Each structure stands twice: as structure tokens, then as C-alpha cells.
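Here come two complexes built around subunit A, the first alongside subunit B, the second alongside subunit C.
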Partner chain A sequence: MNLNLTKSDKIFLGVIFGGYVAVLIYMVVTGYRFQLEGVGQRWIYQLPFGEGPLSRVNPLTIIMTWVVMGLIIFMATRVKVFKIIPGKKQSLLESLLDYVYDLVKDSVSRKEYIRPIFDIAASLFLFVIVSNIIGSFPGINAFPAENGGVTFTILADTWYAPTSDLNMNLMLAFFVFVMSHVYAIRVKGLKNWGKSFFEPIWWMFPINIIGEIAKPISHALRLFGNIMGGAILALILGYLVKYFVLPAALWGIFGLFFGAIQALIFTILAIAYISSLIE
Partner chain B sequence: MDIGEGLMMMGKFIGAGLAMGIGAIGPGIGEGRVGASAMEAMARQPEMIGTLTTRMILADAIAETTGIYSLVIAFMILLVV
Partner chain C sequence: MNEKNKINLTALSTLYQFAVIVIANIMVSGGLGYLLHRFLGMGKVWISFFLLFGAFSGIYNGMRYLLKEAERYDRDKDNDDKNIDNTGGPGNS
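Moving on to the complex of A and B:
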């Protein structure tokens, strides 16, 4: 592999690696005391009105979701003019989206549905991959404290990835589920769509229903388990070695490598679920 | 710590260990089969190594899903309840 790095590339990579080293030095010097108290718990805010599950929000998920959306919109505004000879940002975006377009083109048999399904898949892919990659950089995170307050950890943990909240993933998977059935109704018509639940024999109906409901749940839990499990694993293993070198490597592996793979798998499964219903 | 609390802790630790240990069997077998087949294909067609490695990693990531579920369950037993 032949890499031609310009000076600004080297500065950019240097800042990232220097950032990891600076965080390590900061932790060693300040003697950061790690507790296993708040691991796996979330900062939950009770709204002043109402009771029950719908009146509680997870503020960090909402904030980081808007941050991720802002990053994607910022990226999109930076490559406003698409040139014939692409620049660096444009070629990054084009190669990512080209890959997703090829995936959609290979699995969707009807020509007129390639473009709308590509729009859905590319939006999901960009959102999931940016929010997973955010979870690999040291930043600010929050845990509930003992006395009901909130403790913020600065640079001792990564940024909070919105995909490590199951609500977020279930919402994305439910969106894919609804869209796949909307497309199925549009392609087959209401009667044939209803009939597809009674195939091959009528008494298979409950099994078909369970099979459809299991799709979004396993779709959401796969992403949630990987991101959330990786974050907790990095915290606990970092605690074992008192934050010596290991956490940075773990954050890199779980955030960049597994994050990119899981984003790709989430997209491929979304395409497969939609395209399998419009055959 | 009274005896009830001690029994609860014992149950938690045994349960988490069993969840992770038994849950790792399936993904282990699955990923082993994926890797073996990929090696065979690579030996037969060395010019396809790049494509095969990408597909192998994707298949591995799907096969390890159930292992990841049991990891989450083990963490929930240990930390959340």
C-alpha cells in the first residue's frame, strides 16, 4: 500500500495520536481514581409532568444525537460543490456512498426502488458510523451519583455514543421495520401483503408474526450489545491496569474497528429486510 | 453481610459466569467454521484473499452476535440489578 500524505494530513494524524498520549499522561499525573459504582447506569431526567416510562428522558442521548446530526450536516455543507476531480472530503464521501449503493443495487431486484432504499440505507449508515466513531475518542461522559445527582467524567471515558442506548437502536430498527412493510404494501397491494402472512399454510400465521417481530428486536440488540458491551469492557479492563496504555487501544478497537463493522452490518441487514419483502 | 445477601452474591457470580461461558460456545463453533472455510477458499484461490477477508470479518461479526448478547446479560446480572 502506497500512502501519499500531505503536510496537513500528517498534522491531523499527529493531533489524534498526540491526543491519546496526552490523555494517558493526564490520567497518570492526576492519579485518576476509578470506581465501578456507576458503570452501566444512565443519567435519567424526570420531566416535571406525568409519570411512567414516557415522562423520563435520557438527556445525554438527546444531546449526542444532535451533535452527531450536526457533524453530518457540517460535513455535507463542506462539500457543497461536487467537482469532476474530487477533493479529499468529497472522495471519502463518494467512496462510502458508492459502497452502499453497490450493496443496494446487488440486492434489490426492482429498478424503481433502488434510489429510495439507497437513501434510507445511506442515512442509517452515516448516522450509525459517525455515532460509533464518536465513542472512540476520549471526552465527557455522565453517570448518576449516589445522592441522586450527576457526576461528569472528563477524559476518563469516551464520548457517549448515542447507539449505546437501546432506545435509540430500537427506534432505528422500528423505522426500518415500518418502511419495509410500507414498501411491501405498495409493491404487492394490501390483499397480497396480508396473504403473505398465511403462507405456506394458514396455521403458520402466529409463527410468521413472531418472525416479523423478532427482526427489529435482534437488529437493535446486535448494535446495542456491541457498542455498550465494548464500552463497559474497555472501562473494566482499563480499571485492571489503572489506565496504563490499554484503554486507548481498546477504545480504538471497539470504536473504530467494531464500530465501522457494526455500522456496515446494520446497513446490510436493513437492506436485506426491506428487499426480502418486495421480491 | 448476612447469609441471604451472601447467597444472592453467590448466585449473581455463578449466573454471570455460566451466562458468559455457555454463551461463548455457539459463537466459537460458528466463527471456527467461518474461518476454516475462508482458509480453504484462500488456499484454493489466493488471488481472492482481499475480498474473502472482508466477507470473513462480516460473517464473524454476525456469528458473534449471540456471544455479545450473553456478554450484555452477564454485565446486567453483575452491575445493574
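Moving on to the complex of A and C:
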């Protein structure tokens, strides 16, 4: 295999490698200990007002969501000028988005809705794949401590993927659910859309309602289960063998491979849910 | 591996999706029954009723999904089997 790296690639990889070596040296010098306390628990922050269901936030999800959005925006600014002969980053983006566009084109029968549905699907795909891939690199994570505070772990765990939080996935699935019905109303009209719940016979109404509610639930839980389960499994195995060959490979499998596949499945399902309602 | 023994991933994913639809419907319906029991004080028998109802709904919705997939499969021109006439005509045999 021939690797042709430019000078900037080498600098980029060197900085990342140097950073990991520096943290490793820090851990060896200060006697940093790996610990498995608080695995699967979340750092939850109680907002100063009220006790209601919306008064608690998950700070790490919010922070990492902004980080992922920042990464995507940064990526977009890097390839702002689209050339006829694409560079590396542009080819990567083009091949990814082209694939999503083909998926949308194949499943949406109405021509005028291809572009808006592609926009939704591509945004979801980019967000989910970047956040899943972030979850495959060792980095900083936070767990609640026993006295109510927070413990930050460095390199003992992967970066926190926002998609390993069920709230985020439910929000994304709910967004797809709402958008699919908005498109259905626009295509069929309000009356026909309402009538579609009473098909084939009127007493099928509750069954149709349950079927519709089950869509976002299964949509969200599928992504959550895969990412969260992968994260915990990689963490526990990483704890057992402490940075030998196995966890690195597992991190690669659960983060990069499953992450990319789950992002694709999430996008395909979003397209399928929207297109099945506007046919 | 010859052509016949090859795993058909599309069919596999359709099957998986069918299973997920059934399970999700049972979960949602059962959750609904539990909420009714917990907050409206309805009897526990409603939970089992809603679970059964969810199973029925899941199979119905799953079947609908399978029929839709089959329809799409037939619509796709590349999948046309030359020996079978699925245009609704009298057939070519």
C-alpha cells in the first residue's frame, strides 16, 4: 500500500499523534488511574429554576452537539470553492452527498420534493456520521462523581458522541416524524391526510395511530442502542486490557464501521418514512 | 460462493425492519396501557389488552410494510424476471 501524504497532512497527523503522546506522558508521570466508576451514567445539570421535566439538561450532549456542528461548518468552509477537478475533501463530500442524493432520488416519486428531502436527509446524515465518528476516538468524557460533582476522564474513554444520548436521537426522529407529516399535508391536502388514518376501515384508526407513533420510537432507539452499547462495550473492554491491540480495533469497529452504517440506516429510514407518506 | 447461496442483504434488511416494526408497536401500545393504568387508574387488565392490541397492530403495520416493499420490488424494472409477466396481462406462457 502506498500512502502519499502532503506536508500539511503530515503536520496534521503529527499534531494529533504528539497530543496523544503528551497526554500519555502526563498520565504516566502523574500516576493517572483508569477507573470504571459511573459507566453509562450521565452528567446532569439541574437548572436553577423549577423542578419540571424541562429543568434538567445534559451539558455534555449540548457541548458536543455544538462541537459537531462546528466541525461540519469548518469542513464546509474548507471546500467553499467548488472546483471542476475536485480535491480530496471535495471528492469525499461529493461522493457522500451524491450517494445520499441517489438514495433520495430512488425512493421519492415526486420530482419537486427530491431537493428539500435531500436537504433534510443530508443534514441528518452529516450530523449523525460526524458525531458517531467522534465517538470512536479516545478523548475527554465526563461522569457524575459521588459527591454530586463531575469527574472528567482524559483518554480513558472516547469522546462523548451526542447520538449516544437518547434525547438527541428522539429529537432527530421527532423532527423527521413532524417533517414527514408536514410534507404529507402539503402533498395530499389536510382532508385527505386526515382520511389516510381511517384507511382501510374507520376502526383501524387506533392501529394506524400506534403504527405512526412506533416509527419515531424505533427510529430513535435503534441509533441510541447501537452507539450507546458500542461505547460501553469498548469502554469496558478497554478497561480490561488497557490500550492494547484489542480495544483500538474495537473502537474502530464500533465507532467508524457501525457508526457509518448506523448513520446510513438513520438516513435511509428518514427518507423512507417521509417518502412513504407522500406517495 | 455461487449466485444461489449468496445472502440477499436487501431481503434480510426487510425482514429485520418487519421485526423492528412489530416490536416497536408492541412497546408503544404497552407503554400506552401502562400510562393509562398509572395515571388514569385503569385496571391492570388494560395493560395486557394493550399489549395484545400492540401485537395485532404490529403485525398489521408490518404486513403493510412488506406489501409496500413487494410493490416497490415489482416496480423496479431491473428486478423484472423475464419468465414472469407481472404487467397484469394474460401472461406469456
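Rule of thumb we're sticking to: the second predicted complex is superposed on the first by the 241 of 279 C-alpha atoms of A that agree within 3 Å, B and C clash if a C-alpha of one lies under 4 Å from a C-alpha of the other, contacts with A are read in each partner's own complex, and residues count from 1 in each chain.
By our rule, a residue touches a chain if its C-beta (ideal position, glycine included) is under 8 Å from a C-beta of that chain, and two chains touch if they have at least 3 such contacts.
Just so we're clear, the structure is a prediction, and the values are computed from it rather than from any experiment.
Student: After lining up the shared chain so the two structures overlap, which partner does A:207 touch, if you call subunit B first and subunit C second: first, second, both or neither?
Tutor: The answer is second: A:207 touches subunit C but not subunit B.
Student: When the two structures are overlaid on chain A, which partner does A:264 contact: first (subunit B), second (subunit C), both, or neither?
Tutor: first
Student: Which holds for A:217: it touches subunit B only (first), subunit C only (second), both, or neither?
Tutor: Once the two structures are laid over each other on A, A:217 reaches subunit C alone.
Student: Determine, for the superposed model, which of the two partners subunit B and subunit C contacts more residues of subunit A.
Tutor: Higher number of touched subunit A residues: B.
Student: Of the two partner chains, subunit B (first) and subunit C (second), which one does A:276 touch, if any: first, second, both, or neither?
Tutor: Only subunit C is touched by A:276; subunit B is not.
Student: Could you say whether A:132 touches subunit B, subunit C, both of them, or neither, answering first, second, both or neither?
Tutor: After superposition on chain A, A:132 lies in contact with neither partner.
Student: Should A:226 be classified as contacting the first partner (subunit B), the second (subunit C), both, or neither?
Tutor: In the superposed model, A:226 contacts subunit B only, not subunit C.
Student: Which parts of subunit A are in contact with subunit B and also with subunit C?
Tutor: Looking at subunit A, the two contact sets intersect at 218, 221-222.
Student: Considering the complex alone, what residue numbers of subunit B touch subunit A?
Tutor: Touching subunit A from subunit B are residues 57-58, 61-62, 65, 68-69, 71-72, 75-76, 79-80.
Student: Would you tell me which residues of subunit C are touching subunit A in their complex?
Tutor: Going through subunit C, the ones touching subunit A are 20-21, 23-25, 27-29, 32, 53-54, 56-58, 60-61, 64, 68.
Student: Under the touch definition given earlier, write down the residues of subunit A that touch subunit C in their complex.
Tutor: Going through subunit A, the ones touching subunit C are 204, 206-207, 210-211, 213-215, 217-218, 221-222, 276.
Student: Within the complex, which stretch of subunit A touches subunit B?
Tutor: 36, 39-41, 218, 221-222, 224-226, 228-229, 232-233, 258, 261-262, 264-265, 268
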